[in-house]
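Down below are the structures I want you to see.
There are two complexes below, and they share chain A, which is joined by chain B in the first and by chain C in the second.
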Partner chain A sequence: MAEQKEPVTGIKSPVYLHYRFTAGKAPTRFLTRLKEGVLTGQRCPRCSNVYIPPRGSCPACGVATEEEVTLGNKATVQSFTIVSIPIPGNIIEPPYVVANLVLDGANIAFIHLLSECVNEEIHIGQRVQAVWKPSEEWDYAMDNILYFKPLDEPDVPVDQIGHIPISGWRS
Partner chain B sequence: MQATEHLSQTFELGFTYTRSTGPVVGRFLTGLRDRRIIGNRGSDGRVLVPPVEYDPVTAAALDEFVEVGEEGTLVSWCWVNEPRAAHPLAKPFAWAMVQLDGADVAMIHCLEAPGEDALATGARVKVSWAAETIGFITDIRCFTLLEEA
Partner chain C sequence: MAELAAVVGIGQTRYKTRRGDVSMAGLLREAVDRALVDAGVEFADIDAVIIGKAPDMFEGVVMPESYLADALGAVGKPMMRVHTAGSVGGSTALVAASHVQSGTFKRVLAVTYEKQSESNAMWALSTPQPFAVHLNAGAGGYFAPIIREYIRRSGAPYNVGIKVAVKDRLHGARNPLAHLQLPDITEQEVEDSMMLWDPLRFLEACPSSDGACAMVISAADSVTGTKPPAWIRGGAMRSEPTMFAGREEVSPRAGRDCAADVYAQAGITHPRKDLDCAEIYVPFSWYEPMWLENLGFAGEGEGWKLTMEGATSLDAGGDIPWNCSGGVLCSNPIGASGMIRFAEAARQVRGDAGNHQVEGARLAMGHAYGGGAQFFAMWVVGADKP
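Right, the complex of A and B next:
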């Protein structure tokens, strides 16, 4: 007879999904420029909105986007969350800040980290700037940018977030 | 304009779930670890394998556990010619409905056989246990055809 053991009360049932992601023409161009340390978007020929990362079409107008727009390193906090709970497999130690950021000249936000800041002082409309890894570490990846850090600039009013020109914010 | 070579990359997305098994499924899995197959009895007297937490007829909680045999009868099957990576057996096999001796319903598992032609409804089958049992459904490595005397 088998030795007496504790009853089974739980099982591990992981699910692993194996993907191959193929970037389209526009994302490939975006990633190629990203590897060179430059953020680029695409402008819609109809509504003039600038999208980053570009997908090759405008989701609002349904038309192809061709015009490439080179964007800078400054952005505005559109929204944010402070993550306090560790996520399995995530190497970042809580608490950390994840934010929706809109680059100057862009009309849509992307998600990145905020750091070099006091978490409790982060606010919507805050001006921030990208902090890049050393150039020899650049790859086809958004984590070429380590995080964004606060800028000493006046806040952007909520109704103007997402409508700042490429030339930057002047209150 | 020159042709663009598109970037492409594999990646794995993993959800590392764990599940609590409760008193009924836990009992079944504990049985498998001990190389025993445990079902339970429903309100209509049927022996259900794997055991169910609530009666299929009355929805009452069930607690009368019944051990069944590790031999049974092939009720139905579907032959898999080209096993996929996630399948339990690497060579062609059958997904089979097996009614174990002492059970009143069939359970699904994989069945190892030399070929589809070797299978027939009513064939006798037997559990092939995994080399090491840990309290998981794969403790039953598969079913195999029983040589009839």
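Right, the complex of A and C next:
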């Protein structure tokens, strides 16, 4: 006689969705230059705002963007959070700092890690700089940049975050 | 809008971490059956079904509306799926209402759900993007920096979020359907809970819930049931891009514009005075003061003062109680969460909100937001036929 078994009430059945990403013109250019260690944005012909990563159009004006803008490695902290939970499939150990950063010359933030810093001392308006992987490891990916680290520069006043020229911040 | 419409039936499941005893179809049917009974109608009386839920990735079932048609009595009837991320529950109610207001149908069934236990919604929200670093740590990770900016510019004390977390859980303890039942929660307990996404602690975040919510919306000449109808006095949706230069993320324009539209329709000039209560989508504690300002209940930088004064607390006898049901901080079946806000507003003006009833409530607001706070859906319902 068969042994009494617990009823099966559920099983785990992971779902995977694999995408073939068709980059399009603007992201292709962005990714190609990223592999060369250069950050590139695009300027909107109507509102003049510079977007990175560029998507070939301005989400506010709804017009195509063509003009390419080469950006540097310095940025300002727009805001941030200190995260205490791990990201599945990511080796980074909590607590880690995820910041919304605006590169000099850009008008939109992207997220990246902050490191080489004291978490409790991070603040809005802080100046930071990209730390890149060794060039032989560069790929078509934003994690060519390992993280951003604090710079010894004066803070940017809040109303000027997102409006710093490519030439950099001078208080 | 041409025709007058009203909520005549509401059905909800009990919200909990895992409903292993029912399938998705069974979960929805539970809410739908209750809504039909509440309205005093049967499937045969329903002209069309409008269904909403959060992205399909949350359960890994693609286009679930196709498989659910049978369970929802929708075979042979018009059926429509609504997609607006976390605001979808509110949008689904508005889409259903518009099908009555347009004169297309007399009676529409609206239903929303999430069965979060069948997947991992937090990480389904955090899919890698090809031109960004993979650092997305769920919705909390996205909203925490925006909350930090609100705290900076408003100068709010650190414990406003803690206050909201306690207030909504005490409200939830009055509502037997609420997922989290924490009648003894204290501010110290919230403060001591783990910091997940600084400045958001574990007890300042919503739970993951299974659950469904349904409503029957009728034309004025087809009102049924024994309870008073909740008349739809105004409804609106607005959206804006998630990312654009100079975006006001703390108080998005789409939210302000949406509220202004709804208030104009309902004849509201001072939301705090004119409304008796509100069910507002607050999945993270600090969104109460932020939405108090965005929705015009308080001036810019003043929202946190209402929270701290107890103005939004039913237990403190506040003048404008928010989330008497316990809100999203107590129950969060994501796709249904917005509709629960809309339904709870309707319960209040029907005088049918049980132990979390605001005495004499005549006019109430339901609100939902979603995505990167770029989708908004709101309605105002009233006890009085306009």
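Heads up, the rule we're going with is that the second predicted complex is superposed on the first by the 159 of 171 C-alpha atoms of A that agree within 3 Å, B and C clash if a C-alpha of one lies under 4 Å from a C-alpha of the other, contacts with A are read in each partner's own complex, and residues count from 1 in each chain.
Basically, a residue touches a chain if its C-beta (ideal position, glycine included) is under 8 Å from a C-beta of that chain, and two chains touch if they have at least 3 such contacts.
These figures come from a predicted structure and were not determined experimentally.
*Asks:* Is A:L17 touching anything from chain B or chain C once the two structures are fitted on A? First, second, both or neither.
*Replies:* A:L17: touches chain B and chain C.
*Asks:* Looking at A:Q78 after the superposition, I want to know if it touches chain B, chain C, both of them or none. Which is it: first, second, both, neither?
*Replies:* The second partner, chain C, only.
*Asks:* According to the stated criteria, A:A99 is in contact with first (chain B), second (chain C), both, or neither; which is it?
*Replies:* Touch status of A:A99: second partner only.
*Asks:* Touching A:L31 in the superposition: chain B (first), chain C (second), both, neither?
*Replies:* both
*Asks:* Applying the touch criterion given at the start, work out whether A:V63 contacts chain B, chain C, both or neither, answering first, second, both or neither.
*Replies:* A:V63 sits against neither chain B nor chain C.
*Asks:* Could you let me know whether more residues of chain A are touched by chain B or by chain C?
*Replies:* Between chain B and chain C, the winner on chain A residue contacts is C.
*Asks:* Between chain B (first) and chain C (second), which does A:P53 come into contact with in this model arrangement: first, second, both, or neither?
*Replies:* Second partner only, chain C.
*Asks:* Looking at A:P88, would you say it contacts chain B, chain C, both, or neither? Reply first, second, both or neither.
*Replies:* both
*Asks:* Examine A:K5 and indicate which partner it touches, taking first as chain B and second as chain C; both and neither are also allowed.
*Replies:* A:K5 sits against chain B, while chain C stays out of touch.
*Asks:* Counting contacts the way the document defines them, which residues of chain A are shared by the two interfaces, the one with chain B and the one with chain C?
*Replies:* Of chain A, residues 9-10, 13, 15, 17, 21, 23, 27, 31, 88-89, 140 contact chain B in one complex and chain C in the other.
*Asks:* Considering the complex alone, what residue numbers of chain C touch chain A?
*Replies:* Going by the criterion above, the answer is residues 20, 57, 60, 119, 123, 126, 130-138, 141, 144-146, 148-149, 152-153, 194-200, 241, 243-246.
*Asks:* Mind listing the chain A positions that touch chain B in their complex?
*Replies:* 2, 5, 7-25, 27-29, 31-32, 88-89, 140
*Asks:* What residues of chain A sit close enough to touch chain C in their complex?
*Replies:* 9-10, 13, 15, 17, 21, 23, 27, 30-31, 47, 49-51, 53, 58-60, 78-85, 87-90, 92, 98-100, 107-108, 110-113, 124, 140-143, 145, 158, 162
*Asks:* Of all residues in chain B, which touch chain A in the complex?
*Replies:* Per the touch definition, chain B meets chain A at residues 4-21, 26-27, 29-30, 33-35, 135-136.
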